[in-house]
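Look at the two complexes coming up: chain A is in both, with chain B in one and chain C in the other.
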Partner chain A sequence: MKNLKNWVGEITGAFSATLKHAFAERDTVCYPAEKPDLPERWRGRIILTVTPEGEERCVACYLCSSVCPSSAITIQGAEREDDERRYAEKFEIDFTRCIFCGLCEEACPTRAIQTTNDFEMGASSRAELVYDKSRLLENHTGKYPDFDYFKRAGVPIRGKDVGEGANEKPPVDVYTLLP
Partner chain B sequence: MGTLYIDDQPVEFQPGDNVLDAAKRANIEVPYFCYHPALGAVGSCRVCAMETVPSREGEQPRTVMTCTLKAQDGMRFKFAQSDKAPGVSKTMVEFYMTRHPNDCPVCDEGGDCHLQNMTVEVGHAYRRFDGQKKTYPNQLLGPLVWNTANRCITCYRCVRFYQDYALGDDFGAMGSRNNVLFRRIDDGAFDSPFAGNIITVCPTGTFTDKVFRRKYSRTWMLKKSASICAHCSVGCHVEPGARAGTLRRVVPNENSAVNQYFICDRGRYAPHASEAADRPLQVKVGGQPRQEPALAVLRQALAVSDARWGVMGSGREDVVTNLVLQQLAADLNAPFTAFTDPLTEVRTKTAVNLSLSAPSLQDIEASDCILVVGELTEHAPMMELAVRQALKQGKPVLMLHASASVLAGMIRKQRSLQAQTQAPVLWAETLQKLISQLTQEQADGWAALLKNAKAPVLLGVAEVMPTAVIKALAELAAVIGEHSRLGFALPAANSFGAAQVSQAGSSEQLLTSLESGAINALLVVGADPMSGWQGERWSKALAKIQHLVVVDHIHSATVQAATVVVPSAAVSERNGVFINYEGRVQSFAKAYSRETPVLLQEELIGLLSSDARARVQSQLQSMLGSAMPSPGSAGNRIKPATLPIGQVAEAVLGSGTALVLQGWHGEEEVAGFATELASLTPHDSVGIAPAYAKALGLTLDKNSRLTLSVHGKQLTLPVALSAQIAEGCVAVSRRAFAELQARLGDEVKLTAAIRLSEEPAEQPVVAQFTPVRGDHSNGGVRP
Partner chain C sequence: MSPWLFWPLITIAMVVVILGLILAAGFTVFGERRILGLLQNRYGPNQAGPFGLLQAIADAVKLLTKEYFLPGFVDQKLYKLAPVLVVVTVLLSFVVVPIGKGISFAADFNVGLLFILGLSSLHVYGIFLGGWSSSTKYTVLGSIRTIAQLISYELAMGVALLGVVLLSGSFSLEDIVLKQDIAYIFLQPFGFIVFFIAGIAETNRLPFDLPEAENELAAGFNTEYGGMPFAMFFLGEYLGIIFISCLTTTLYLGGWHGPWAESYPLVGVFWFALKTLALLFFFIWMRASVPRVRWDQLMSFGWKYLLPLGLVNIIATALISALWM
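Presenting the complex of A and B:
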């Protein structure tokens, strides 16, 4: 008798759950017709961003490639011809290796490298998943619309000489002997 | 030996240690900036402070700078900081950081920065001061050093090295009070051959390596190894750093036996020749690239049926390579040499035979009387830096030289009579005079100084010394006594080893067999006979032969003339063994492999028969004795048996004008291919003493030009008047020697040529020799 009661309970319980979910709001979406709503801090496709003035933010400091646990980032820095502003001559992310941990974004002192909530990166070969700089660089400031590292650094660049940065006094006159 | 206590922890110290040394030895992480083992302590940074622990009743604790305090038994200090009372160190670091720019991401020092390390160590993380930062203007310092003045923490290490240690005078502390900064009076490259070391001693990114900057990589990403500098015979320990198959930078590798903490600019920048745009990296046969492995191509080339071979090694190739080539020559029944010039061969071997008691760099530094024969700075800069240490301590440094030399200028500035200009053919006579004075017990002047010295050191430059002078110098050493040390700067890194493997008169033999047609094929490894002293003879001889196989890593004249070119590895790309001027056997290790594979010289052994391989092994055993030293170790000195030496005609004293060599410190066979260093090469000129020009009846000023005629060849050069050039001589560069097809000591005819400009002549310039800087490009620097 007790067995029968359990048996009926299980049947009705299971069917009622099925019935309830049949009419509940859906968690899945009809991708790709309908795009999922991802949180802002989603760690998807990695991009390189630019300053509000449109200059590349990356200064080729190698911190992202050093911190990358799967060695997916390859960089070679260079200096811009006219003002010695350092930039990444070569910047490659191998997305077949990338584990989207976001450590590169965390390490970046200039907020150049940022994760986005794009995850649609399907490709038909591994080589296509190695993104070079032309595919990584976006003409966008990303999550930090106002940040410009070189305004805060001490090195001179085009349009900002020594002593013209944020929080800097004009350079001292090295020839003066006045107190 | 004794014990002191830091935070109640016993710390052993050695005699002569200061408290900071002792703490460092006990692995207590005391921060410091201004202290440097080679430069000593000045106590200016105030960071290594500790608090004394009162030993008596009523005594107050004091704050002391541990770098300036000699360690004594039983001293007690309090160092540990607490959150409530941060120590002096933390406060000082916080002060330094108030105006330090946020440069770490764009600073080349980042990750290898003493200031970064110390800041992290004391736990300073946030700038509490919210005022504005003080800034300083940067200075352009030529193609080798990069300056970012804002990063300076005024530790004075750079000037203490540049002025106090290396005796330079064109760089110093400028400004007053809290506006002090370190720079040259004018923009431009440093005069000192050791300027690169301010990069090494600077604890921040104020001075960084400009060549490294152009191909920058974080230092932790570099592949490094313990290597030996291949650009002069001193054999300094260096650490090449490479990434992605290319050389990025070279820094000194600290060791106690050879060069301790520093290297010269030639050692630091000449290795970048491995990144020259024209470096051969492709096996080529008759100008056509080949895909086969280099060794297979070499084997094919050597198997040509109609060839009668000659084999040439080199003083810049290592011991094993030269031995392998010697045995390959035996296999092929071919003449072998490791020298391109018979005269240099005889001089080198004579010097090697007399180098058994050669002084180490430390011996030179500690000497109380040094006699230098020849222009040492221009041939072995680090040996000369050691001489400067004795000069700095007021010890007499005597010098015989024929052309303008940095060291001679330095000696003249202090004691005018201790540097003497004289034509090389007269040096033997001068030395004989010294010998007779010393033997006749009536010594005065130079002889007295040498006689009364406790540890006299005699140094010669083998390349520019006639054999008679080398012998006279040895005789002088013998007359002075057992306590004197005699050493020679040899022409190349492994000249000592090359001398061991070449028969007497081997280069003359190879050259004459080529000229007579006895051999019609030549294998050259790591040598450039066509631009050496006998360049013209070699070029003529090599133009006649059908097979010229060259293995090298620079685009030399010989490589350009070769029928088969096999690219080989530069020193940082391979393992090997060099023997330096003291007979010190030192091995070096490979730092990196290039992306396009090149022939490693070790592989040449694959060309040998098994008999020959066994002979190489046994010869190596008998030559180097005990086990091979490990890379980075100080190595062991060998004392080989006396080498047989051939005969060769030397220049003799004539009534005319002799040609002498005007070298400069960045000059060497490979160094010429390092773009940045080579851009500082002085302009070609003909150096002549004003008094001698007057005696010849020539009216010269700075706009004059002279035409030199030697053996029917003519060359017109602008005049550089300098009192540092010997009477009876004119000094020209190696390049001019090559163009004139002249040899050292050749007689030259001088005629005045058309003046450079038609402006009225000013007063004749009688000045110290100042090399004219090349028009090096600024590399896109802001004007």
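Presenting the complex of A and C:
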């Protein structure tokens, strides 16, 4: 008898609970007419960003393509003639393979590759979904407005000696420390 | 009426009714999707036409224009037969349901109720054969569950219906409705409960949708079907829901009885439709509310609770009607 009471209680409870939800606020949006609110860190279409000076950030280190679980990224690196800075000659992301895991963004040391909150990438053929560099590269800094890898890294490059980077102290002259 | 006029007229009427029923099934699907959406804080399909009403048509067109694909490993004859069986048995069952005073094809058929029970068993064959002939693990599991389900509810259903037969003294649905000055749900509350639960199991709806069980068995018995044959299974399922609602209305809710239904048969049709729609809504509401049971739970429920309850009900009915009537 107690069992029966429990059953009836549970079942009527379930029915009234769903009925209450009929009058609750909707959790979904009527999508094409009304855009959903996407969080800032949404992992959508991938872009390549540039430094504040407008130089390509990517140094073709292949980290993103190595970490990519679905091997969606194809890169071919090259070196610039004038300042020997590396850059990606070819950079292709195959969005038919990409699973938008965001690992490439995490792996990138120069913060070149970034995910955006655009997900409307529908295309009518597979070939259209393979984005080459011209479609990936955007002329802005993305989520990190002041980040410039070469200014921060300790490595000397042409035009910046050791100790001249941001947040960097001049190197200690070991000979002055003699007792 | 001369036979030269009778048969063409009947044929036309049947075509109209079948088309009507198929449309009704389509709109039941649409209604279900909207109501489920409503109960689950979603919108449901609301884009095609006003309130999304044309969604049913769009779905039908999509399914009809799909490629017909016959997997190589299936038992071809049974594979093709199964969906037909599912739809035809349900459509045939509608023949004996009176939807208004004197409005039906063969409501005075003197073994109407037995006819329905027989067809409902055949309907299960359609589902079982569909899964069995596809011979993949999900479909076979679905088929096995169908049979496990069948032996759990069918006896209880028959026993519950006997109560109605005892009270009305007839197997013909027309007589049963005519005898219901008081709807039998008040005279046979336990019979109603047993019948309705068995009816839910019969239509393979949640909480008893074991043969299909999307989240465990891919799509259960119809996993290997696509396009038109799949549409027929779908149609069969929703026609089944409509039919069980109609039958429950007829047997327990007083059929077309209601104010002014005696003198104006069309008003009776209205009452009948209203009661059926309420039951349909209940089916959908239930789908949103209760979880699926395991097949062994269903079996023990069927044999340990439903059947004894049905038996007690029929014995009590027999005793009371023998003593008082």
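Everything below uses one rule, namely that the second predicted complex is superposed on the first by the 133 of 179 C-alpha atoms of A that agree within 3 Å, B and C clash if a C-alpha of one lies under 4 Å from a C-alpha of the other, contacts with A are read in each partner's own complex, and residues count from 1 in each chain.
What we mean here is this: a contact is a pair of C-beta atoms (placed from the backbone, for glycine too) under 8 Å apart; a residue touches a chain by one contact, two chains touch by 3 or more.
Because the structure is predicted, anything quoted here is derived from the model rather than measured.
Of the two partner chains placed around the shared chain by superposition, chain B is the only one that A:Val162 touches, whereas chain C remains out of contact.
In the superposition on chain A, A:Pro109 makes contact with chain B only, while chain C stays out of contact range.
In the superposed model, A:Asp82 lies in contact with chain B only, and not with chain C.
By the touch criterion defined above, A:Thr51 lies against neither chain B nor chain C after alignment on the C-alpha atoms of chain A. In the superposition on chain A, contact of A:Thr141 is made with neither chain B nor chain C.
When both complexes are overlaid on chain A, the residue A:Ser66 reaches chain B alone and has no touch with chain C. Comparing chain C and chain B on the residues of chain A they touch gives the larger count to B.
With both structures placed on the common chain, the touch criterion links A:Asp27 to chain C but leaves chain B unconnected. On chain C, the positions that touch chain A within their shared complex are 38-43, 46, 285-286, 288-290. Against chain A, the residues of chain B that register as touching in their complex are 101-106, 110, 132-138, 148-151, 174-177, 179, 181, 183, 213-218, 220-221, 244, 780-782. Against chain B, the residues of chain A that register as touching in their complex are 59-63, 65-66, 76-84, 86, 109-110, 149, 152-156, 162-163, 165, 167-177, 179. On chain A, the positions that touch chain C within their shared complex are 11, 14-15, 17-19, 21-22, 24-28, 30.
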